[in-house]
Amino acid sequence: MGNKLLEIKGLKVHYITEDGTVPAVDGIDMEIEEGETLGLVGETGAGKTTTALGIMNLVPDPPGKIVDGEIIFNGENLRTKSREAYRQIRGNKISMIFQDPMTSLNPVYTVFDQLTEVIKLHQKVGSGEALERAKEMLAKVGIPQERGEEYPHQFSGGMKQRVLIAIALACNPALLIADEPTTALDVTIQAQVLEVMKDLKKQFKMAMILITHDLGVVSEICEKVAIMYAGKIVEFADLESLFTNPSHPYTVGLFNSIPDPEEDVTELTPIKGLIPEPTELPPGCVFNPRCPDVMDICKGEFPETVELSPTHRVACYKYHKGIGGENK
Amino acid sequence: MMEEKLLEVENLQKIFNTPRGALHAVDNINFFVRKGETLGLVGESGCGKSTTGRMIVRLTQPTSGRIMFQGQDIHILNKKQLKETRKNIQMVFQDPFSSLNPRMSVSDLIKETFDIHKVYRKDKERDERVLEIMNVVGLSPRLVNSYPHELDGGRRQRVGIARAIALNPKCIVLDEPVSALDVSVQAQILNLLDRLQDEFKLTYLFIAHDLSVVKHVSDRIAVMYVGKMVELTDYKTIFKEPLHPYSRALISAIPTPNLKKKKDRIILEGDVPSPINPGPGCRFYPRCRERIDPICKETEPEMREVKPGHFVACHRAE
Amino acid sequence: MAAKTSDQAVAMTTPAAKKKKRSQRAELWRRFKKSKTALIGLGLLALVLVTAIFANQIAPHPYDGMNLMVRRQPPSAEYLMGTDHMGRCVFSRVVYGTRISLVVGFFAVLLSAIAGGTIGAISGFYGDKVDNFIMRIIDVVLSIPPILLAIAIVSAFGGSLVNVMIAIAIGYTPRFARVVRGSVMTIKEDEFIDAARVLGASDYRIITKHIMPNALAPVIVQGTLFVAMAILQAAGLSFIGLGAQPPTPEWGAMLSTGQNYIRDAWWMSVFPGLAIAFTVLSLNLLGDGLRDALDPRLKT
């Protein structure tokens, strides 16, 4: 622990469309230590998936472009890597699983075919050995070995997501990026898959970025949380601080929007207004038109990030010295 | 009086014939909805909750059983009576993207409701009413001529709701009305539904897979599993003292954004079984940790009222 | 008072509304013009249309004006495309022929679109037995080659342009029926159809207000391509003497006459042939462009 595995500095990914430039990811900083799980939370269009694709160098181009920033993985800046070198890293050192387990598997190959393919691609092993490893992986995600001969359509949604996890982990990656891995699943199946993921995370000692919109899922499995809104990380903290002391008005709004089954609240206090159009972001802090605590200064420039504690930082003028104090 | 039953479902059953056998989508369920209350219908995909909703609005013909609305069986109505009844039972759909005709503007969509039932003789009166309803559901009047693809999910769902309340119905079937929406928008829509219920004395049948949402809106909650209703009671009891093992597992599986109250999770083994040609016993038998052999395998448990107002279908429940 | 305020609201919203409506059409145009070939197709078709509309102004001679002094003259300044065996101006005849081909092609397709559209909509909407019955009949009609069918019909009722049009329309009706049936069946499953039903809409209303407007896109695309094919077929029928009768300046008929003189008067057959190719090409390019622009799968 304590070793930085991945550090992202000032990453900007823009989509250039006919309607204008969309700053999908607009200068974000974050870091993940070895073996740590980071929850990347936000609503539709916040830039969560684009961030993940940026790390994997899979941003569809055109219209997407990584315009700026550094992605430092194991001490090396990935952005200086050649395409070939990047390909060696993807699937081997960094793996990704996607939201929709239904379309992420190739329907004409058996589960074993798809597992062994990844293993053989990245590790110099023979077919026999690859098959052994594939069987081992299936056992780890809780799928009986004999089902490896079956085709994806013979699996249920939860089982497919397990297969995808097995494929992603087959090469023992240092980092797994999971994009809404349980969103398409039923609650009881989601609980199963989360359990498998928690377990494997320990076994493999790998770091994970979990992209989700569900703060409940985050509280189950993550150690750190980054809250994203319109291309910016507005709050970044360890799980405990974020849940006990949510500081950015958007984070607070998110918590107030979720009905808590343990509490008996008659009315929710949702965030007013709508997520802004990505081509027409408001000037200043992107959240200012919806913010209950908006001040004049919020309409000028996007606020600098302030450290509330060594593990908790937030991008909001409320916490800037001499500004937030006056207003309260 | 709260006791008046607006909607009563008796031995409702829907079997679809599929190439692989008879699919028991909804299998002999019974419940009622009181006037002015919200009954939440929860369950996982394929449990039959949506089919139940569709039968109540007569989009799907039941195989057997009765649906009584204000004492009238809605499946034996003639065309004219049905059209009259439709004014009183409306529906809001899950997908705000596919439930609005892409070639109709917001005003066309709301107007259509009035045109079908020939409510207004003058177009002007009708158009005024359209704006009024848009105002009620929180749609700005500048959106009257917008098309669905120009609106975000929350606004589209508001259009769907506007259309449903336009004729002042008594009962609305809400089929996963917020599950396609973002968290912050979801809360806005839930509050809107709540306000409308108070304002127009609406009765809701709220169908959803998300128990926290259902709990937030419902007075009573019914849990379904593979075509069967397994438990039905008020919203507090189902969380405090769930009696059916499936309800317990379902509740424990909700990821709560609350660090303090981390409870022991019940992780169910296996997948939801297929509703095709189900066996004679309890549908939950293969995954149940508390099953009693051989009774649970061989005999289907009946819904019983174990405490006043608390119904459960389990051999263990007392 | 209330009436007044909402009237104002309506008035206030109008400019914004207009902008929105335009933007929807503009969106279609934006996607359409992305394809160069589609634009070329549109340009060529515009040329053909202008020719048809202003044939009287463009043609230097009447199409049936014979001048036996200038039989089979090669192209010259006076006769841009030469003259035929009766001394008629080929250019003028080709220009007037545009009208005939477009009218025959367009009306034949319109007729079959209406008939086929109705049959397809009923078949797709009601499904099951109705669908089965209609589709089997259509299979039978489709198993007859369209040109054979047209020959049979025209020979039975006599060769004339109107009969050619009807014959072609009958040939295309089942094809339209299939296209429409397919898209109706897809649209029928959409949730907004259920929504209309819950509101109490009748079948008639659902078909005309909800299904047909959404099923129109593939019909327009197919229609454009079918017009091209219909023009070819009409020319083909006239070529074998079953269509337009002399002295009608029909391209196919001109080709047919021209082939007798191909050795010493190539212009008699080459120019009508080029006219056919040109028109068909413009329609095909346009149809492809429309398909790309209207295809909902490409919508973002």
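First chain written, first letter: the chains are A, B and C, and each begins at residue 1.
Note that contacts are C-beta pairs under 8 Å (C-beta built on N, C-alpha and C of every residue); 3 or more make two chains touch, one makes a residue touch a chain.
Small disclaimer: the values here were computed from a predicted structure and weren't measured.
Of all chains, the one whose Cα centroid sits at the greatest distance from that of chain B is C.
Looking at contact counts per chain pair, the maximum sits at A-B.
Centre-to-centre, using mean CA coordinates, chain A is 32 Å away from chain B. Chain B and chain C have centres, each the mean of its CA atoms, that are 48 Å apart.
Separation between the centroids of chain A and chain C, computed from CA atoms only, is 52 Å. The residues of chain B never reach two or more other chains; the list is empty. Looking at the complex, you find that chain A touches chain B at residues 43-44, 156, 158-159, 186-192, 194-195, 213-220, 239-240, 243-244, 253-262, 264-265, 267-271, 274-275.
Residue ranges on chain C touching chain B, taken from their complex, read 2-3, 6, 9-10, 12-14, 16-18, 20-21, 23-24, 190-192, 194-202, 205, 209-210, 213-214.
On the side of chain B, the complex with chain C involves touching residues 54, 57, 59, 82-83, 86-87, 89-91, 93-95, 98-103, 105, 112-113, 116-117, 124, 127-128, 131-132, 141-142, 144-147, 150, 160, 163.
Against chain A, in their complex, chain B makes its touches with residues 44-45, 152-155, 182-188, 190-191, 194, 209-213, 215-216, 236, 239, 249-259, 261-262, 265, 267-268, 271-272.
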